Each structure stands twice: as C-alpha cells, then as structure tokens.
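First chain A sits with chain B, and in the next complex the same chain sits with chain C.
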Partner chain A sequence: MKRSKIYPGYFILPALLLIALLYLLPALLGTAYSFTDWNRYSNELHFVGWKNYIKVFSGGEKYIGYIKNTVFFTVLSAVLKLGLGLALAILFTSSRIRLCNLHRTIAFAPQVFSVLIIGITFKAMLHPSTGFINALLRSCGLSFLAHDWLGSIDTAFGSIIAVDVWRGAGYAMVIFIAGIQNIPLIYYESASIDGAGFWAKLLHITIPSLIPTLTVNLVLSITYGLRVFDIVYVLTNGGPGNATDVINTATFMNFSKGNYAMGTTLSSILACATVIIALFIVRFMGKKEDNQ
Partner chain B sequence: MNCHIFCTWEVLMKFRKYTSVLLSLLFAAGMAQTALADDSVTLTLGCSQSQLPSSGIFEQLCEEYEEQTGIHIDIQVTPDDQWTDVLRTKLSVGEAPDIMWADVDGLSIVDRINPVENCVSLADAEWVDRLEESVRNDLSVDGTIYGISFKGPKFWLYYYNKDIFAQYNLTPPTNYEEFRAICQTLYDNDITPIYEAVQEGWHHGLMWYEVAGVYQKEVPDLYEKLNTNQIKVTDVKSMLTVLEQMQDFAQSGFYGPDYMSNSITNDFGAMADGSVAMTFESNGWEQQLLDSYPEMDGKIGYFILPWGDNDTLGITPTQNGLFINKNSDHIDEAKAFFDYLASPEKLQEYLDGETSIYSVCWPEIDSKYPEALKEYMNQFDTSVVLQSGVKFVGGQCFEIEKLMASMFLDQLTPEECLQQIADIMDEQGELQQDPYWVG
Partner chain C sequence: MKRRIQTILQNLIAWIFSAIIVIPIIIIALNSFKNVKESNSMSFHLPSIWEFTNYLEVIKRGNLLVGFRNSFSYALLSTLLLLVVTLPCAFVLQRRGAKRLYRILYYVLIIGIALPLNNIALMKVMVGLHLMNTRVGIYLLYAAIGLPLSVFIAHGFMSGIPRELDEAAVIDGCSAGNLFLKVILPLLKPVASTLFILNFLNTWNDFTMAIYFLNGSDKMPVTLSVYNFFGQFQKSWNLVCADIMLTALPVLIVYLFAQKYIIQGLTSGAVKG
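After this line comes the complex of A and B, so read on.
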C-alpha cells in the first residue's frame, strides 16, 4: 500500500479518547471500588484488599451458584442460538424457498421487541394453569408434558433459555446470511459437479467459509450470555428461590441492598472473564481461519 | 437466485429524498408536542402493584385532583417483587419519580428509602398532628417526618370456605396439629387446602413474620435482644419450628401444584369456585371477595394463624408511605397534593371507596370494622409483627423470602434458611454501621 494513502495515526485519537473516557475509565474505577467497603450508608471509603473477592469465591454455594448459572446459560444459549440461526440462514438463502424476505423478517422480529414486553407475554403464556402453552398441550392430549415452566426448578432455566433463543436466533441468522452471501457460488457449482451432496457442501464449503462470521456471532453470543440480566429478571427475578440467579441479578441485588462494593466486585469478575473469553475466541478462530 | 435481504431498506434508499422529508416532519411534530406538554405539570408517582388500592379509589382521587388543579398524576406501577430494588436503584442514580410509595416502618425507613438523603421534610405540613402518632413516628427520622400514610393497621388471617369445612366436618383449628390434620383431610379428598402464591415474592413469607407472638413467648424482650445483637434468629428455636412447618406444608402438596407461579390476586376466583378451601389474606379481604362474588356472602369464616401454635394477632402498625423526592422539580405541587389527600373529606372518601381496609391511620375518621370481626379480634392479645419490630428484616424481606422459596423446593434445609437469614441481618448491620454490630 502506498504510504501516502495511509491515514496518520493521530486520526484515531478522538475515538480512543472517547472509548477510554466512557468505557475504560469507568471499568477501572469500578474495579478499584471493588477493593473497598463502598456502600450506601457511609460517605467514607476504606481499603479492604481482596476481602470481597474472597467472599465471592469462598462464600459458600451462593456466589458459585450464580457463576455456574451464568456459564450454563451462556454455553447453552450460544450453542442453540448459533445452531438455529445457521439453520435458518441456510434455509432462507435457498433458492427453493419463496418469500425469503418475509421469512427473514418474521425470524428477526423478536429481536426488536422490548425485553419487558417479551417477559410479560411469556410469563402469561408459560403460566401452569392459565397459560397458552399448557392449554395447547392439554387440548392435544399431551397433559403429561404440561409443567409449571417458570415455577419449577427442573424447567425454569430451560424456559428462560428457550425464550432467549427464540429472541436471539434471528439476529444470528442475519449475520450468517451476510456471510453465506459472500461465499462464491462457483464453489457450490464445482462441488455439485464433483458429486457432493448437501452435507458435504455444508461441512466442506459453507462452514469453513463462515469462520469469520461464526467468530463474530460466537463472540456476540458469549458476551451477551455472560452479561445476561434483563430476560432473567423479567421472567423469574432469579427464582424460583435462587435457582436462576445469574451474576448480574446478584449484582443488581447487591446494589439495591446498598452493598456497592460487592456489586462492583461481581461486575469486575464478569468483565474480566468476558474479555479473556472474547480474546481467546477471536485468537482461536483467527488461527483456524489462517489454516483454511 | 439470491434474495435481497433488506428490500425495505432499498426502497427507502430509492426514495431517500422523500424519506428524509417524512422523518423531519415526524421529528418536528414530536418536538412540538413536547413543547406544548411542557406548559402543564405532571407529578410522577412510583409504586408497586399491591400498594395501589385494588378498588381504584386512589386513581379516582388523582383524577379528581387533576380536574381541580390541572396537575396530572402519572402513576408508574412496578411488579411487587421488583419495586424495592427498582426504587433503591432509581434513588442511587437520581432517576426516582417525584413521589415514591414505599413499604416502610420505623426500623426499615432508612434502609428502604433513606429519607434524610432523598426526601423532602414534611414537618411544616398542616396535617402532621392529625396523623396517628405511631404512624407519624414510623415515617420520621430523628423526629422529622418525611412521609404520609393512609391505611390503618394491618393483620392477617386464614379465610376458609364454610361449606367445604362443613362437608368434611371440619372446624377452625386452634393449634398447628389441628391445622395440619384439616389440610391433610382436604388434600386426601382432592381439594387444594390453601391457596398460596410465591410469584409476587412477598406473600409466602408472611406466615413466619406474623406469628411473632410465638417467638416473643419463648424469648422475653426478644425484639430488644435481636435489635441490640445480643442474640441471633438462629437462637430462637420456635423460628426454626415455624420454618419446618412451612416447608412441610409446601412439600406435602397443601398449596397445590402451581403455587410457585400463582398470583395472590387470583385467590378470589379460586375461593369462589371452591377449588381451594383456605387462603391467607389481610383484613378487608372478605369484603373485596363479596364485591366480586356476592354469592359468597355468609360462606367465609376466618381464624388466626396457627403456625407454631400461635395464639396472638400479629399487627403491622404502618404499612407504607408516600414520600416526595428531594430532587423533584415540583416539590410544592407534590406537597399540595399531599395536603389534598390529607383533607378530612378525601380521607373519608378514601376509606369509603376502598373495600380492602377497615380503617385509616387518621383518628378523626371512624373505622368500619364489622362487629363480628371486632369481637373475634378482642379475644386475642396482639403483637407487632417481626418485620416491623426487628431491624434488618423488613428491608430485606424479598431476599429473605427467596430463601424461603428455595426451602420449599428443598434447595435449603430450614436450618440453612434460618442461618442465611441471620447472615443477611448481620450483613446489613455491618453495612449500616449499626453500633451493635460494628462495636
């Protein structure tokens, strides 16, 4: 590339400054506060060292339970969203499907709804006695499948994940569609000539070509899953009991109790984990792409 | 042939000149509407679902006030299990509404709303001396009053369907064993003994708070000892006993299969159609039932809570209060609204229009307790309920009741539940720098 066509480095400074002020500085300040006893009831601040972090990692099952729930939610919802999103993308880029745009719009529509509206609607639909889901199951003679979806330990988390996958699969689909449309058609034509079937094309052309798109989707899904709060809060508020509490609902609870230091501790742990995992994914997937 | 993804976007781009004109017109219309609306005053009022009287009387008073003054009261309702957290968060970030409806009592007022930091003093209001003294004290910090309240004292009873009880030769229980036997009989005959509702996050724990008379009999001066950190809740054996009884009921199926998702507002229908035999509700519930189901007249009886062989009537002196946000742009208007609500005519209108209460906390307004209920209440000694008499319980009630829900589902034993309640209280004692906790 000609040197004269490269923009000077200082062109990036305003953006870096904004990111530093609005993202980096608050994150660092929050982490600093996590080493204190910052709370609502006192204007004084005292350094307490690693006390809050020790409480999280050795404070019994409570905090470990929040971390387990967060990881479980992240992994399961990411796998399901990406799987369903990829399947929908392949389906809605097929030449055999009519009214593609309509199908894509319907699949993407849940993404634009407010989480509050989704939560209220699904709470009503999933009610064990008056909800639409159980009523439908009973009318089809499938009463044995009817459950207290949000009130039972066995089904509450699965129900939250199902609602989240319903909401987010369309977003993943849109990104996959953009990736699929960048794959040169000649690859598929050549594969067809060589006798490759659907699965061979999927495994040897589509998925390898979608590595960059998959990386983007995976990073977005993982970072969303680790930071999940709204869908859990609206559907179950961490219940039944504490069965579906995640790190961010615990953070919110600590802030509302006035224990700001513990809230920032949990947030800092989450931020650190999110950055490490995202970097790892980008590097790992980047290596895979290079090998291709 | 590949389909175009964003055909709508392409159409918009094709007609981008017209699109930009349309968007500009919409924006201008929005700005104009905002400019027009700025001339009138709107008072925002935040509350939880159950704080609003179910009869609609409060909304009616607000509408009448708007007709008189032109000031609109924008009531913003939050689900019960979220309101406490939402209010504290909003106060922390400076986005609280003009008027805040908070569940408070003398011990939890600082924890719930911290009025010295967040609320306007109402010490100069004309109505302060007309408010019942105990309520006035509960709404004050260091002798300065910050809130206003309306409802009279609250107490909870088990209401039962007399026809169902007669069908199975049952009589109201006088102790826990009789209570359990009644529930077992009903359960064996495919009737849900008790309507319970865990969804709102507050109802299922009231049983433990309301039988404080049992705990006070076991430990004399219990509240003083708990409030000065001389003992913990884990030292009170009867508290553990009641938790064990509550867990037993939940796991024996006495609350029905859907109790974790039930809403307490639906107990009227369940009692009226006979699918449940009992419900746990506050004074005034029977009248609300009869408003919707007049055919239930004469068919409802009641008895005090039998948990732990309780024989006292638990009283909540102050239920909640309305407070004015210190950062509100309309403090004078909010004060005038409080003056309006506190006028004798409006207090009488409030009591007449609200069927869920029998009295207001204003001695000048006569109560409307039914004679039968008065006679029944007079049989028992009264005790102030746990969440109103003990520090760090009322303000943490939602977190405590999540533990109880976990206990119902066998995720915690009653001992673990009680220990974690003690831990929550200790945590708050340290956070709030209570001298009995930090020394």
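After this line comes the complex of A and C, so read on.
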C-alpha cells in the first residue's frame, strides 16, 4: 500500500492552517508593516523605507535602552537561573539530603503559578512602606538597607531579575535533575575507586555529561528572556521612567498608544534576533557535543 | 565527624532554599485573613482576628466567578482543539519524515518554539478574520500558541511507536482513518495527557493575550480580573492577598496531586530535545 494512503497528508492541514494564519502571516505582515507609517489614527498607509529601523538604532537613549535592557535581563537571568538550577539539582540528587522529593516539589512550585500572580505577590513583598522585605530589614536593625526596590532606578531591574530567578530556577533544576539521572552511576563508582573527590567528579563527570541538558536549558532561558513581557509589565510596567522597559513592554506601549508601525518594527527585530540566537546555540553546542 | 557536619550543613542549605520559596506564599496566606489595617504591615504575625469574610468580599467584588468560568472554558476548549489538531499531524509528520517536504513542514510547524508572536500584526489578522474580541478567536489563538511545542513533543513520542504496527493493521484491512483512531490513538494516552496538562496550565495562567486581544469584563480571564482588582484595591492588601489565594489555590491543589504529570508535561519537550 502506498505511504500517502496510510499516512494522508490532509492530517497535517488543520495544524498548518492555524500556524500559517496566526503565526507566520502575522510575522510576515508585521515585517512588511514595519516599513510603513501604520497607526491607529489614519487610514492611509505610506511606505517609509528603513525609517523605523533607523529610529530604533540611532534614535537616542530610549530605543537603545530597550535593547540593552532586554539583553541585560536575558543574560543575567539565564546565568543565575542556570547556576542556581544546577546547584539545586546537585544538592537535591545527593543521597545525604533528607526529604529530597519535598524540596524538589517546593523548588518547582513557582513555575505552575501565573506570572501575574507572582508579580502581584512580589509587588506586595517589595512595597516600600508595607512590604515584608523592608519590614524584615527594619526589624533586624538594618533599616538603612530598606529601599523602594521597584521604584528606584538603581534597584528596579535587579529586583525584577531576582523575582524571575525565584520563579524560574526550579524549572532549570528539574531539567538538570533529569540529565543527572541519565548519567550511569558506574562512572561515579569507578571515579571514587580512583580517589576522585566531589569537585573532581563534578568537573570531569557531571558537567561534561550535562552538556546536552545545558544546551536545552540555555535555549529555553534565552528565548524566554528575549521575549520577556509579563513579569516586567506587572512589577514596574517599564518604570521608573523607561529604566526597565524591555522590547516587548515597549511594543505593548506602542500598541496601546496606536503607534503600530513602531511596535511591529520592535517585534520584527526581536523575532529576527531570537531565531538567529536560538539557531546559533543549537548549532554551536551541537558541534561541541559531537566532539566529546 | 567532618562528614556529619557536611551533611547537616547541606540539609540546612536545602531548607534555606525551600524557605525562600515558601515564605512569600505563607505571608500572602496570613495576610489574606487580616483586616485592612493589620495587612498594611506584612509580617509573620498571625492576624488578631481572622477575617474570613475577606474571601466573600473578593468573590463578590472581584468578578471572580466570571473570570473562573472564562478561564476554564478558554483553557479546556483550546486544549482539546489543540490535541485534535496536533496528534494526527505529528503522526503523519513522523511517519513520512524521510521525505524532504515533510521535514520542511515539520520545521515550519515548530519554529514557533523560538519565534515570538508579532502581536500587533496578529491583531490585524484577527480583525480581518472577524476573530477580534471573540471567544472563538481566543480558542484558536491559544491552540495556535501551544501548537509548535506540542507538535515537537508528540513527534518525539511517535517515533517510539513501531511502524510494524501500522503495516499489520493495514494488511488486516484497516483504513487510514481507522488506523489512527483505533490503533495509534489509544497508544498516545501518555503524551496526550502530558500535552493536555501543559497547555491547560499555560492557557489558564496566560495574561498577555488577554490584554492584547480581549476587552469587556464578560470575556475576562481570571488573570486579568486579578490584575484589575489589584488596580482598584491597591490600598487593601488583605483583599488583594485573598484574591491571589483564591486564584492560586486551585493550581496549587492540582500541582500537589498531579505533580508527576505536571513536571513531565513542563519538561518532556526539554528533556527529549
């Protein structure tokens, strides 16, 4: 019997239609619109060439700030989540820890809640006058450290990243644990016989074996970081001023102001960057893996 | 001796990490039972009078029941639609994967894992299709958002189902439709439940699509109703905390009971990949 009869092509059509209409068409249309002056207030559409892109890349502090913030958020939150996730994974697979499963359950829990709920929770925790963090600092006699965490330029972004790491480290941990459990125990046993200590095993067995897992975690947290929106929107909405605006909050701001062309330009830049970076990581890390 | 101290130290560190996760949740829970004045200083102190009426007030004033109903219908229907669309698609893509065309189609379908949505242009498309601010539009949208990762996970799972099974069924006179429905589909239960949980949870928790594509309080999902409630009652932390508890509690209970499946759902794509 012919392949095409057993596995009919039309099984793919509904999925393809959904993706084509709601994913790919907007991506293409959005790129096309980024070369126009599309906005809410006029029905006429004019071709403006690269004007919107030039505005982003040489339009002064504001736009470069969005890009810088997005990169800063992505790199810092990825490094912290992966570092902490790996540390937790090693800790919670150790035979010396009691109630390992309980700890794992707790560490992963924030991942199941809505970012919005977490955002409001931490808005409450970090509130300058009524929040728990400041109350705690004051009661320890450290009131000089009490601070308007989300409202001042020097700590707003750090606070957002801290909340995001609080939420996401457990996810990285679970993926690392799955990777660690795939490493054959015999490696560790024979290393022990050869007299290897904890750090030697970590450096020469655990980490090299975790390269594929690391790649996955890296791709996940980088693509997440680049398109981050809700946690920033809820915690600071880009403020104070534009200090914590990332590309996607700027896109939303342009959307609500009716500057559709600028919004879609930012979206297109982000889409392009994300796909290139994701492909690059997969290629680069994939090669490394082959060499091992 | 040294080993013993190390063990104690490691357990201590583990508890500190867990405490950092749990403390905010406990504080929100305690605060949700306080009166307005007490809730203005967040601390571990138990409320002097337990105000259970906070919860009733939130349910009444926060439009919470409408939000729950909406979120439930968005999450359930879009997830079911997603499964109906994804499973046959992943089956055919995997079985015909040797052909170049199907490999390309596979990459087209999963590129959304990395490619972010262009929400503004999507609005234009939704308006054109008369889907803007409609329930049908939201079902389709959430199904489309979940599709790339779901196709990827289902595709990975299919490769574990032997082809010989298809051939045997066909030799016995099975049609293509029956082959999928009666032979393959029953074997897909594990991956189907994983995808169900993953997408249900993502839709339930989502907030971005609602602020872009929905307006009017009758269509509001629960996340948006919490956000609006927070905007209105910023001064009453006790009510805000009760609102957080009410929306987080169902998710927490489901997590505690179905933990294994949820973790599997949220990581299976990653670990397989």
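What we mean here is this: the second predicted complex is superposed on the first by the 270 of 292 C-alpha atoms of A that agree within 3 Å, B and C clash if a C-alpha of one lies under 4 Å from a C-alpha of the other, contacts with A are read in each partner's own complex, and residues count from 1 in each chain.
In this text, a residue touches a chain if its C-beta (ideal position, glycine included) is under 8 Å from a C-beta of that chain, and two chains touch if they have at least 3 such contacts.
Keep in mind that what you see is a predicted model, and the values were worked out from it rather than measured.
With both complexes brought onto chain A, simultaneous placement of chain B and chain C is prevented by a clash.
Looking at the shared chain after the overlay, A:252 reaches both chain B and chain C. Number of chain A residues touched is higher for C, counting chain B against chain C.
Touch criterion met: A:278 reaches chain C, while chain B stays clear of it.
When the two structures are aligned on the shared chain, A:18 is found in touch with chain C, with no touch to chain B. Using the contact criterion defined above for the overlaid structures, shared-chain residue A:155 touches neither chain B nor chain C, since it reaches no partner. Shared-chain residue A:264: touches chain C; no touch with chain B.
In the superposition on chain A, A:174 makes contact with both chain B and chain C. Within the superposed three-chain model, A:239 lies in touch with chain B and out of touch with chain C [touch as defined at top]. By the touch criterion stated above, A:96 is placed in contact with chain C alone, chain B being left untouched.
When the shared chain is aligned, chain B comes close enough to touch A:39, but chain C does not. Chain C is struck by only one stretch of chain B after the chain A overlay, and of the options 20-28, 74-82, 344-352 or 398-406 that stretch is 74-82.
Taken together, the two complexes place residues 92, 127, 174, 178, 252, 255 of chain A in contact with chain B and also with chain C.
Residue ranges on chain A touching chain C, taken from their complex, read 1, 3, 5-9, 11-12, 14-16, 18-19, 21-27, 29-31, 33, 88, 91-92, 94, 96-98, 102-103, 105-117, 120-125, 127, 130-132, 135, 139, 166, 170-171, 174-175, 178-179, 213, 216-217, 219-220, 223, 226-227, 229-230, 234, 248, 251-252, 254-255, 260, 263-264, 267-268, 270-271, 274-275, 278-279.
The part of chain C that touches chain A in the complex is made up of residues 6-7, 10-11, 13-14, 17-18, 20-25, 27-28, 31, 39-43, 84-86, 88-89, 91-93, 95-96, 105, 108-109, 111-125, 129, 140-141, 143-145, 147-148, 151, 166, 170, 176, 179-180, 201, 204-208, 211-212, 223, 226-227, 230, 237, 240-241, 244, 247-248, 251-252, 254-256, 259, 262-263, 266-267, 270-271, 273. Interface residues of chain B, counted against chain A in their complex, comprise 1-5, 7, 81-82, 84-86, 88-89, 92, 110-111, 114, 198-199, 201, 257-261, 396, 399, 402-403, 405-409, 411-412, 427-428, 431-433. The touching residues of chain A, counted against chain B in their complex, run 39-42, 92-93, 95, 100-101, 104, 127-129, 148, 150-153, 174, 177-178, 181, 233, 237-243, 252-253, 255-259.
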